[in-house]
Amino acid sequence: MIITDAIKQIRQQVADLHAELPRNELVVWTAGNVSARVPGADLLVIKPSGVRYDEITADNMVVTDLEGTLVDGELSPSSDTAAHAYVYKHMPHVGGVVHTHSTYATAWSARGEAIPCVLTMIADEFGGEIPVGPFALIGDDSIGRGIVETLQGHRSPAVLMRNHGVFTIGASAKAAVKAAVLCEDVARTVHISRQLGEPVRIAQADVDALYDRYQHAYGQESTR
Amino acid sequence: MIITDAIKQIRQQVADLHAELPRNELVVWTAGNVSARVPGADLLVIKPSGVRYDEITADNMVVTDLEGTLVDGELSPSSDTAAHAYVYKHMPHVGGVVHTHSTYATAWSARGEAIPCVLTMIADEFGGEIPVGPFALIGDDSIGRGIVETLQGHRSPAVLMRNHGVFTIGASAKAAVKAAVLCEDVARTVHISRQLGEPVRIAQADVDALYDRYQHAYGQESTR
Amino acid sequence: MIITDAIKQIRQQVADLHAELPRNELVVWTAGNVSARVPGADLLVIKPSGVRYDEITADNMVVTDLEGTLVDGELSPSSDTAAHAYVYKHMPHVGGVVHTHSTYATAWSARGEAIPCVLTMIADEFGGEIPVGPFALIGDDSIGRGIVETLQGHRSPAVLMRNHGVFTIGASAKAAVKAAVLCEDVARTVHISRQLGEPVRIAQADVDALYDRYQHAYGQESTR
Amino acid sequence: MIITDAIKQIRQQVADLHAELPRNELVVWTAGNVSARVPGADLLVIKPSGVRYDEITADNMVVTDLEGTLVDGELSPSSDTAAHAYVYKHMPHVGGVVHTHSTYATAWSARGEAIPCVLTMIADEFGGEIPVGPFALIGDDSIGRGIVETLQGHRSPAVLMRNHGVFTIGASAKAAVKAAVLCEDVARTVHISRQLGEPVRIAQADVDALYDRYQHAYGQESTR
């Protein structure tokens, strides 16, 4: 009963957060998805497969277990569900996962190249470079494994999956969406900077100082 | 009588789908057009020539035969009608055709260069590289011939017509619009990736696996 | 009296056409302007100086003579008025003038480089390359002279004024706006194409055939 | 009492001006901020930390002294407040300050490279090149010092803070927002121009003539 109410609320949150993806120009057509863990249950809420962003509602979000099997909902879950489920199963501190093919981040991923830490915003949010994950086929848990292997023990909440796109994680689905938005923003800025020369690296001690301050002092205390 | 009702409905669909072109930033001014085949008749529905996107309605869409000759409607058909008609005449499985001058796809076409398959999204939707078609003058059926010669027997639903723009085909007009949206998206991402180095190719076996899965497992069963 | 009514109508047209500039992302802040000739009088209607696009109304458009001197209106005319006035005075077939600093066209102008004719859309609308005009200071008639010297006897309705921006002309203000929109679109596409290699030129005979067809056969007969 | 009324009005102005940052695509998520000096008091009005742009109201803007200490408001001030406060304390003619990570300007800053004066718009608004300020950690007054040291005695109202983003100043908050909008616009145009060659410099005498005219003759006399 408590779970039922929680799920209702999470369906709404996940539906609302999907609106951030087109608003921030991270997706086209039906690509991309946001999921959230159902706290206290081995369940997640995610977008159904092939549904347009302007058709997303709390009601058509679907619930699966941590194998990606449909538990509640009318439609088939996103074809990326296995990847999301694998992350929740193996990273217990993760409360939200986002996947996009956002243009600039995906462009770095197609070259298999990490985004270097040359902006204070990268130090703040990602704590260093944004890493590249392995190439993996879609559908089984090989994408999930690639995400977990790359992000486990890494400061960055974002991974550039080779030739594919971006996955981001967060304590909440909102935090994962924020990471997806900032990942594309810095991917674009560093790309453009490098087109006309080499951006200056930030010294490691400064990266550490920026990361530490941002994790503890940014935002309002209650919303951090 | 049945045809009349079908045409009424298709006029509405074609008018609605035109809104996707500016929404996805594929067109400027009056450029670009969507058409749909009228099932069971040698007819198509298409945008009239030189009409602005915010003036498009089901009522001002026009109906032509498969020579491009006006059959029903107040206005002159798009100057690209002959190309659309030629495709319907020679590719019976095609139910919809879209033409745009979308920026990145057209930029590849101006160099006469195919878009290489370096993203899982390209493997999914296009099944390999997106090919280039010949240079052709506008107005007669030379563009139509170029499209059919290039796409006949090719997995890709999109062709980059040299120095001109993109034509996409689909089982329905909606599928052709989707192909046009994804074509520009991958044209942009691969362009940006290549600006700073060489994107990694996806192995042919992986391209085949991705294409096969996407054609059979993506989306909801009823809408595939 | 007839002139008064005509001016009222032209103020409205000019105010409405200004909305196309931000809609097509050709301007920021208060930059850019559209003007129209008042037929049968040595007068023009233009935007006042320093007014934001969301504050533009038919009522605050201003009327000047062909020296750029204010004849009717509450506000000071655009600081580009002298350039517009000079064009109307020396090119009697021109009914509308547009000025923008649109990004890609201005980028070509900063290098003093013409946009080559490598797209059918350039052949259609501009009849060949889009030429560069001289560097000129703002305020007196030196910009106007540069525009007229460059476009006189040229097919192109657009000129890239060096280190400055674009001026376009047309039989009507709407036609000049169309030329400004298409100029930026092709400036962007050709720029992007050239970033990864050399676009293929279109043969002169094909440019001529495309230009001739487009000037006579595109659009609806009444609106051409 | 008079101060209280003034602050109420300034809170509204500052809230309204924040809407220009996303409208002009200068910011993502909660990044960026606008502040205004409270005339006749050692106070400033600024955005709170970590608040989304669509949640900004006059009521949640905060008031601090010129050390950045909260004087009035429910929320914690922006983490950039110390930098704004330092500028007001050391540059008495400054009435408004804006900070963004706008893409192209930040890309120049990551290379530590000034934007050269190759457009009449740069000469008009910035009076010459847009300079680079030092690298500085966030939180204390080192950013403020870097801004003041760079802009003191410089024509430019904008500084590119290395590896970080842009700060702009103005006689009013609106003037500082205008400088932020134009800075990104010219950063983008010059970047794009340089991608395919070297833009032509404008002679110093012409830069001076353009700057002088624009500072005295542009806009309506009352709003200059």
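A, B, C and D are the chain letters, set down in written order, and residue numbers restart from 1 in every chain.
In this section, contacts are C-beta pairs under 8 Å (C-beta built on N, C-alpha and C of every residue); 3 or more make two chains touch, one makes a residue touch a chain.
Bear in mind that the values here come from a model prediction, so they are computed numbers and not experimental data.
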item: Intersection of the contact lists for chain C and chain D; value: none
item: Angle of rotation relating chain A to chain D [CA atoms, steps of 5 degrees]; value: 90
item: Type of chain B:chain C copy interface by residue overlap (half), same or different; value: different
item: Centre-of-Cα separation between chain C and chain B, whole angstrom; value: 32
item: Rounded Å distance between chain A and chain C, as computed from the means of their C-alpha atoms; value: 45
item: Multi-chain contact sites of chain A, meaning residues that touch two or more partners; value: 195
item: Touching pairs - complete list by chain label; value: A-B, A-D, B-C, C-D
item: Residue ranges of chain C touching chain D (in the complex, touch as defined); value: 28-31, 48-51, 75-76, 79, 101, 103-104, 106-108, 110-113, 135, 137-139, 162-165, 191, 194-195
item: Contact footprint of chain C on chain D as seen in their complex; value: 24, 118-121, 124, 178, 181-182, 185, 188-190, 192-193, 195-200, 202, 206, 209-210, 213-214, 217-221, 223-224
